[in-house]
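The structures considered in this document are given below.
Consider the two complexes below, in which chain A is the common component and chain B and chain C are the respective partners.
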Partner chain A sequence: MTVHNLYIFDRHGTLLFYHEWLRRKHTSMSKAEEAKLLYGMIFSLKSFVNKLSPTISKEGFLSYKTSNYRLNFYETVSSLKFILNTDNETNQTEIRELLHGIYTQIYVEYAVKSPMVNPGEVITSNLFRNKLNQYVQSSSIFKTH
Partner chain B sequence: MSRPSGRVTDTKKVSGELFSLTYGALVAQILKDYENVDDVNRQLEKMGYNIGIRIVEDFLARTNTTKCTDFRETSEKVQHAIKLFLNVSPQITSWSAANDEFSLVFETNPVGEFVELPDNCNNLRYANILCGAIRGALEMVHLEVACWFVQDTLTGDNVTEIRIKYLKKIEDTVPPGDD
Partner chain C sequence: MIFAIWIINKAGGLIYQRDFQSKQSVAPTPSQKEPSTTGIVTPGLDKLSLNDALVLAGTFHGVHLITSRLTTRLISRSTQSSLTQASFPGIQLLETPSFHLHSHQSATGTKFLLFADPAMVAAYGQWILGRVVEVYCENVMRNPFHTVEMPIRSELFDFYLNKLVDQLQFTQSSPIPR
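And now, the complex of A and B:
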């Protein structure tokens, strides 16, 4: 049960934050290109999922699963997007709780409330990174191999 | 016998007073810096806007709300947020016919507890920071609104009334297509 990496995007598609815990393969693109590609894909997926949905539902796209990893998506009402890649064995409710916890306890406390973090800019705060790291590593779904 | 419950309400009241006093000192300083009352109003609104865009995330995190389906739900959420952060409960009144405008009515000015406006500041919208905060917060949840003071107890009216008007829905920016 592992957490691979986390991306945080704001409503305009700017990558606010990226952190990786365990990533064995990297893409050949630059970080900015990768972020743009990911954001574009998520945006299209969300819209596609909503269009093709057979029922009316509030939540749309939540995650996709491949043979190696699962991509989990969490969007706040303020269009803040959290993308967390985990392995396939992790329990989905735990992941959603973790993502919700990252938003309420780490992002709101250490990014929103920090005067040094400006909206629309990359989060460079070390405190934020450390608290996030602490939170994720102490959660039940994190386990290093 | 100790009375811990009494102490809890006292601390809440004390920090509310501290907030009002701090805000008063802030407005006084800005008045000194800008001197022009309209500039001060603009600055207070801008400061409120910066507070609003952040405080909305705190509100969303604390209350776990979901998207509002219409403007009436939004008005209730705004009322809830003011209760949460300022510890005062405004009334929602005066809905327009198209359901796109409403008023928040406070008994007294929520930050103006110890305030008396001098004669040369009759155009000063003392609590304009509130209007800015409401505008900023609603902008972060895709609603563009206009927010202004209709009445203010500090300028001699009976109640303090803020009017909020829905302007338009802000769509998320679509990412650029592939090259």
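And now, the complex of A and C:
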């Protein structure tokens, strides 16, 4: 039950924040390219799911699972996207709560309300990073190997 | 509850598509999609034109490839030599509020997709896909008139697939083609 890494994208697709806890395999691309690839893929998946669903609900695609990892996706009303990669054994409801908590308790408190953080720019605040780290590590999902 | 089964070839083209929802429970046509007001989502799939389905199959093929590259865990050499699911590290399950999509990639690169109710467990979905692969091998691969990687037009395949789905859900699926 571990958390691998977290990406935060804004409505235009810019990577606002990236943090990794446990990642054993890195791709050969630069971080910016990987972020763009990830954003494009999530966008395609969202429209794929929208086409197939009978009703337009706010909660479209939630997560996907491969044999190696699980990707969890959370989108806010302001089109802010949180992407969290975990391993396969984690509980879905706990992850939804964790993502919701990250948005309400960490992002809103320390990124939106901070005068140093401008919308559309990368978040460099150390306070945000520390609080996020603290929050994730104290949740029940996080266990180090 | 099984909603649909799609088969995608190596190149990403849709070669088979079949809907198993009964007509009464299918949602309105795409032009009349309404936002869900109560927040309660009915499970099911929307009706799709053939063109839309072709585009979506291609999209899924691309996404499957990207997800296998984005893995965060090291794949050890030993698992790569055997043909377990770990050696096909693409997407296996896609979850949404109205359906779950189970996917299985064979050793030849053909992808079998199963659209099912969100209540269906992942292991059961993979088992069903295993049975679909068996029906595929027996009726399509062994058919001397079938061109590989081309759309499947086999009455026997339709018949046995219908039989399989009927056994699995005891509801009326589409009639046996004559």
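Heads up, the rule we're going with is that the second predicted complex is superposed on the first by the 140 of 145 C-alpha atoms of A that agree within 3 Å, B and C clash if a C-alpha of one lies under 4 Å from a C-alpha of the other, contacts with A are read in each partner's own complex, and residues count from 1 in each chain.
Throughout what follows, a residue touches a chain if its C-beta (ideal position, glycine included) is under 8 Å from a C-beta of that chain, and two chains touch if they have at least 3 such contacts.
These numbers come from a predicted model, not from an experiment.
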When chain B and chain C are modelled together on chain A, clash or fit: fit
Which superposed partner A:Lys36 touches (first chain B, second chain C, both, neither): first
Comparing the two partners chain B and chain C, which touches a greater set of residues in chain A: C
Superposed model, angle subtended at chain A by chain C and chain B (C-alpha, nearest 10 degrees): 120
Which superposed partner A:Lys113 touches (first chain B, second chain C, both, neither): first
Minimum Cα separation, chain C to chain B, after superposition on A (Å): 7
Contacts on chain A seen with chain B and repeated with chain C across the two complexes: none
Chain B residues within the chain A interface of the complex: 53-54, 56-58, 60-62, 65-67, 140-142, 172-176, 178
Chain A contact footprint on chain C (complex, rising order): 26-28, 30, 33-36, 39, 41-42, 44-46, 48, 52, 56, 59-60, 62-63, 66-75, 85-86, 88-99, 115, 122
Residues on chain A engaged by chain B in the complex (per definition of touch): 11-13, 36, 39-40, 43, 58, 76-80, 103-104, 107-108, 112-113, 119
For the chain A and chain C complex, residues of the former touching the latter: 4-5, 22-25, 27, 34, 37-38, 41, 44-45, 47-49, 51-57, 59-69, 71, 85, 87, 92
